[in-house]
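After this come two complexes, each holding chain A, first together with chain B and then together with chain C.
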Partner chain A sequence: MTAVAPGRQHRLSHASLVAGLAVAPAVVLLALLLFGPALAVAVFSLTDWQIGASSFRFLGLANYQALFADRIFWTSLVNTVIYVVIVVPGTVGLGLVVALLIEAQPSLRGFYRAAHFLPVMSTMAAMAIVWGTMLHPTIGLVNRMLAEFGIPATNWLRDPRTVLPALAVIGIWQGFGFAMVLFVAGLKSVPQSLYDAAAIDGADRALDRLRVVTLPMLGPVTMFVLILTATRAFEVFDTVRVLTQGGPNFASDVLLYRLYTESFDFLRTGYGAALTVVYLVIVVLLTLTQARVLDRRVHYT
Partner chain B sequence: MSGIALSAVAKSHGATPVLRGISLDIRDGEFLTLVGPSGCGKSTLLRIIAGLDAQDSGAVVIGGRVVDGLRPKDRDVAMVFQAYALYPHMSVFDNMALPLRMRRLSGAQRLPLVGALSPGRRPIEEGIRHEVEETAALLDIGHLLSRKPGQLSGGQRQRVALGRAMVRHPAVFLMDEPLSNLDAKLRVQMRAEITALHRRLGSTFVFVTHDQAEAMTMSDRVAVMMAGELIQVGAPDELYADPRDMRVAEFIGSPKINVVPAAALDQGTRAAMAAVPGASALAFRPEAADICAPAAGVLAGSITGVENLGADIFLHVAARPAHSQGALPLIVRVAPSGRRFAVGDVVGVNPDPARVLQFDAGGRRLKARERVAA
Partner chain C sequence: MRDLVRNIRVLRWRVLARHGALALTTLFALIPFVWMLSLSVKPPEEIFQPEFHLWPQKFNGLENYSVALTAAPMHLFLINGLFVCATIFLLQLLVCVPCAYALAKLRFRGRDTLFAAVLVGLLVPPQALAIPHFVLLHVFGLLDTYAALILPWIISTFGIFLMRQFFRAVPDELIDAARLDGLGEFEIIWRVMIPVAVPAIAAFGIFSVVAHWNDLFWPLIAIRSEELSTPALGILLFRDDEAGQFLGPLMAGATIIVAPLVVAFLFAQQRFIDGISFTART
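So, the complex of A and B:
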C-alpha cells in the first residue's frame, strides 16, 4: 500500500458521499411525497379502513369488486371521458386558432397574448363562481344574451343534457390560453424561408400556407399540447365541486369528484383508495404514452 | 424572352437604405452573379426580383412584362434558398411535386383525404410523377425520392432544392448562396454541376454569392454590389483586369490585389510605378510583379511566408517603402521552376508599370495617360 491510495480512496468516497448527499433530498422527497402515499393508498384499497378508525381488516379485492359493480363509478368514468373528448379538441383547436390570429396581427400582439393567458393564471375555484353566476338560469348573462335572440332560457348546470358540455366550455375557457402560448412559441420557430419557398411554389394563400407549412411544422408542439391538455382535463374537479356537486343525478359526476365524495363525505376510505388506484393507473398510462410519443416525436432537422 | 430588367430599384428598412437605386439588365439565358460583402443587399435584391419583398421604388421587368405587384408564383421564377428550405415533413418526391400540384390540381383535389377520391386527379398525378422522376433522374437523386430531407446529406439536399426549382421549368432561376452550406470539395463539384445545368436548361440564372471565386468561375457576367449599390457589372476577366473601383479590385481576385498608398513612396518609386497625378493608391496583382535583387527592386523587403500551391508559389513580402510607418504586406507570384525562396530572405519587388492600377482618393480608377493614348 502506498501513501497515495488511502488519499485517493478518501477522495473517492468523499465524492460519492457528496453525490449521495446531493440526491438525498430528491430521493427522500420522492419517497415521502410520491411512492409512500401511493403505496399507502394501494394498501388501504385492500382494507375496510375508515378515516379515524383504530383498526381495519384486509378484504382482498373486495373494494375493487364493489367498485367495478358500482353503476355510478362507470357513469363517472364515462362522464370523465366525454368531458376529455370535448375539452381536448376544443382547447387545442381554440388555442391554435387564437395563436394564428395573434401572429397574423402584429400590432397589439402582447396585449392579446396577456388577455388570453389571464384565465390560465386565475384560480379556477374563484372563476367557477363567476361562471356560476353567468350561467344562472334567470339572472345569468348567458341566458340574457340568448334571450336577445329569442332563444329560451336553459338551466345549464341543472339540466343533465347540458351540464357536461357547460363544464367542458368552462374547461376550454380556462385551458386554451396555455395551449395558445405554446402554439405562439411554436409558430415563432417556423423558419420564414419555408413560407418563402411555399410562396414560390404557389402555396401562398392562407389555407395553403397552413396545410403546407404551418400545421406540419407545429406537429411536435401540437402533440405536446394534446397530451398536456388531456392530462389536465382528466383531473377536472374544481368546477364540478363548486358548481354542480356531480349533479343533477350524477350527470356531471367525474372520477376525481367521485373519489372525493367516497373518501371524505361517505368516509369509505378503502373504497376511495381503490378508486384512487384505478385513477392513478389511468394517469400513469397517459403519462407513459406522453413520454413515448414525445421521445419518438419527429425531429425535423 | 425572359431577361430581367431592373430600373432604379430602391428599398429601405426603416431609415436605413438597403438598396440605393439598382439598375441592371440581365439578358435572356444569362448566368449573372451578384457578388458583394455580407449585408450589401444581395438577398434583398433577389427577394425583390422573386416577389417575396416589394421594392419602395423602381420597377422590375421579367420577360418584357412588368411584374411589380405580381405574386411570386405568377412571375415564372424559381428560387433556391441558402438553407434549402425543403419541407422537412415531406418526402423528396412530395417536395419536388409540390410546385406542380399547386399549379395543376384544384383546391378541392389538393385536400388531404377527399382529394384522393376526386375524379380527374389520377391522370394529373401520373403526369406529375412522371415529370418529378424525370427531373430526379437528371439530378441523380432518383433513388432518394422516398426519403425525408432529414435523411439526406448536404449535397443531396442541395440537389433536391434544385430539383424542386427545376421541375416546373421556370424562365428564371434565382439562387441565394446555394453552395454556402457545403464543404469545400462539394462546393467545387456543385459549381460545375450548376453551370452544366445552366447550359442544358438555357434559362436565366441569377446567382448570389459572397465568394468571389464562385462568381469568377461560374458566371457570364458578375455584378459587384457594395452597400446597396452596383459598382461594376462585367465579365469576370473584365472585372479582374479592368476594375473601375478600388473595392472591386480588392474584392475580385485571390490572393488579393496589392495596394500601395502613394504617400508611402518617394518620388523615384512613384515614377517607377508610373503614378499619374492625383493617384492616392497604386495597386498591382500578384502576377504583375517580378522578384529581383533587393537593390534592383522598386520595393524591397523580407519574405514572411512562402505559399506553395504546386503550379504557383506566392511569396508574402513585408516591404518597407520610404515614407511608410510600418511594413507593407505584398504578395507576389513566382514560378515554381525558378529560384527557391525561404522565409527571411530579403528580396526586391518590381511591379510592371503597365499593369499598375491607380485609384484616386475616392477609390475611383485613374487611367495612365500613356495607356489611354496607346
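So, the complex of A and C:
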C-alpha cells in the first residue's frame, strides 16, 4: 500500500506535467493574442487614448455616445444591413438552385462543381479590381452588353443608387459556389428510402419529389447556410476598400470599413475601439444563432 | 409506345434545360476570369475600342506581363505570400496539435475550462482584435516586418477545435499500444497522431493558406513597405502605382496574383472543397 501510493502519485504528476507542457504554448498565446486583446479593446473604448500617446483619460461611455450620435456610423450600419439583405437571399437561392441542378443528373458534375467553386478561393482584392473594370462606365463588359439591348450606360460604382447593389452582386458571385457545395453535401445525406416512399405515395414527378422530400429535408442545412452567409456578408471589406472607399458620399460605407478608417487612418483609437465592440457584439450574436441552429441539426439527424 | 416517346422527349428536354441553366450560372462564375485573361493580353487601344473581341487582334501579352513583373515586385508578393502562409501554418500546427491532443486524450486539471475558452475564442472575429494587435506590435517595434504579418495568427482556436475533434475519434488502443512500446506522449503526438491526422491537417492547411493568401484587411494595417506585401495587398499597391493605370498590365498582375491558388485548386479540387467547407461542418 505505502509502496503503491507514491508511485501512482508520481505517475499522475508526470501525466499532468506532460499535459501542462502540451497545452502551455496554446494557453500563453490564447491569453496574449486573443483574450488579452479582446479585454484591451473594451478598455480602450472607455478612454481617449490614441496610438502612440503616452497618457490617457477615462471617458466612461463618451466614445459610445459619440458613436451613436454619428450620422456616418448609422449610414454605414444601414448600408451593411442593406448589403446583407441583398447578398444573403441571392447567395443562398442561387447556391440552392445550382446544387439541385448539378445533383439532378451525373453528366459534367465535376466540371460544374469546380467552375462554380473557383470564385470562392480566388483573391478578392485582385478579382475586385477585375470587377471594377467590368463595371467601368464606357469600356466595361456590363455596359457594353447592356448597350446591345439599347440600355443606356450607368456608372455603377459612382452612382449612390447602384453602388451597393453592384457590390452585392460581387459578393453573391464570390459566395454562391460555397453555398452550393454545402447544399450538395446536404443533398447527399437525404436517404434514398424517402424518395422511394414518396414514389409509392404517388409523388413521381420531379417537382413533387422536390417539394415533398428534398426541400423539407434541406431545411436545417438551409438555415445554417443562411446564417453562415449572413456572417460573411457582415464582414464585407475588400471590395469596398478596393473599389469605392465607402463612396460616393458614404453610399457604400460599411461597418468594417468604418472600423478600419477610424482606427488606422484617423487614429481615433478609443472611438475605433467602441466601434469594434459594437461590431463584435453583432458578429457574436450572429455566430451564437448559428451554433444554436447547428446544435438542432445534430439532434434532428 | 406513345408514352415511351413522350418520356424520352421529356427526358431529353430535362437534360437540355439542366445544361442550359448551368451554362448561365457557370458563365456568371467564370466571366471575370475570362475578362481578366482577355484584357491581360490586349494592347491599350484594343481595350478602349468600341467593339469587343475575346482574343486580341494584336497579341500584347508578353509586353503586359513583363510590365507587371518589372514595374512592381510581383515575384516578391508571391514569395512573401508563400513564406508568410507557410510559416503561419507551421507555427499553428506546432501550437495546436499538442494542445488538441491533450484536450482529446489526456486528463488534467482545467481541461474543461481550456476547452470552453477555445469555444469562446471561436466566436471572436479576427478583425475585432486589429487595434490591440497593432498596439502590441507597435510596442515591440515589429510593425512593418514579417513578424507583424505572422504573429497575430499563430494561435488558431479553429485549428485546436478541428484537431481535437479529429483526435477524439482515434481509438485509445492505438495510443495504449504506443505507450506499451515505450513511446513518450510527445513521441506519440508527432509519430503516431500526426500520420493518422493527415486528412484533417490537409484540410486545415488549405483553409489557413487560402485565408491568409487572400487576406487584405490585416496586411493593409500591419505593412507599409511594398517589398513586404502579401499578394492581396501587393495587387492593390500595383493598381495605385503609375504602371497600374494601364489596364493590360494591371490585369496581367491580377492574373499572376490569382493564378497560384487557382492552379493548386485545379490539381486538388476535392481537398480544397473539403478544406474550405470544413469551417462549416465542424
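Simple rule for what comes next: the second predicted complex is superposed on the first by the 296 of 301 C-alpha atoms of A that agree within 3 Å, B and C clash if a C-alpha of one lies under 4 Å from a C-alpha of the other, contacts with A are read in each partner's own complex, and residues count from 1 in each chain.
In this text, contacts are C-beta pairs under 8 Å (C-beta built on N, C-alpha and C of every residue); 3 or more make two chains touch, one makes a residue touch a chain.
Note that the coordinates shown come from a computational prediction; the quantities given were computed from them, not determined experimentally.
Peer 1: Overlaying on chain A: chain B and chain C, fit or clash?
Peer 2: Here chain B and chain C can both sit on chain A without a clash.
Peer 1: Who contacts more of chain A, chain B or chain C?
Peer 2: Answer, by number of touched residues of chain A: C.
Peer 1: Of the partners chain B and chain C, which touch A:Gly202 in the superposed model: first, second, both, neither?
Peer 2: A:Gly202 contacts chain B only, not chain C.
Peer 1: Taking the superposition on A as described, I'd like to know which of chain B and chain C A:Val213 touches: first, second, both or neither.
Peer 2: First partner only.
Peer 1: So, does A:Leu194 touch the first partner chain B, the second partner chain C, both, or neither?
Peer 2: first
Peer 1: After lining up the shared chain so the two structures overlap, which partner does A:Asp253 touch, if you call chain B first and chain C second: first, second, both or neither?
Peer 2: Neither chain B nor chain C is touched by A:Asp253.
Peer 1: Once both complexes sit on top of each other, what is the least C-alpha distance from chain B to chain C, rounded to whole angstrom?
Peer 2: So the smallest C-alpha gap separating chain B from chain C comes to 6 Å.
Peer 1: So which positions on chain A get touched by both chain B and chain C?
Peer 2: No residue sits in both footprints.
Peer 1: Quick one: which bits of chain A touch chain B in the complex? Just the residue numbers, please.
Peer 2: 191, 193-194, 196-197, 199-204, 208, 211-213, 216-217, 219, 298-301
Peer 1: With touch defined as at the start, can you tell me which chain A residues reach chain C in the complex?
Peer 2: 15-16, 18-23, 25-27, 29-30, 33-38, 40-41, 44, 51-52, 94, 97-98, 101-102, 104-105, 107-108, 110, 112-127, 129-131, 133-134, 138-139, 141, 144, 173, 176-178, 181-182, 185, 206, 224, 228, 235, 237-238, 241-242, 256, 259-260, 263-264, 269, 272-273, 276, 279-280, 283-284, 287-288
Peer 1: If you look only at chain B, which of its residues touch chain A in the complex?
Peer 2: For chain B paired with chain A, touching residues are 47, 50-52, 71-73, 77-79, 81-83, 85-90, 98-99, 102-103, 110, 112, 150, 164.
Peer 1: Under the definition above, what is the set of chain C residues touching chain A in their complex?
Peer 2: Counting only chain C, the residues touching chain A are 14-15, 18-19, 21-22, 25-26, 28-33, 35-36, 39, 47-48, 52, 94-96, 98-99, 101-103, 106-109, 111, 114, 117-118, 121-125, 127-136, 138, 151-152, 154-155, 157, 160, 184-186, 189, 210, 213-214, 216-217, 220-221, 231-233, 235-236, 239, 247, 250-251, 253-254, 257-258, 261-262, 265-266, 269, 272-273, 276-277, 280-281.
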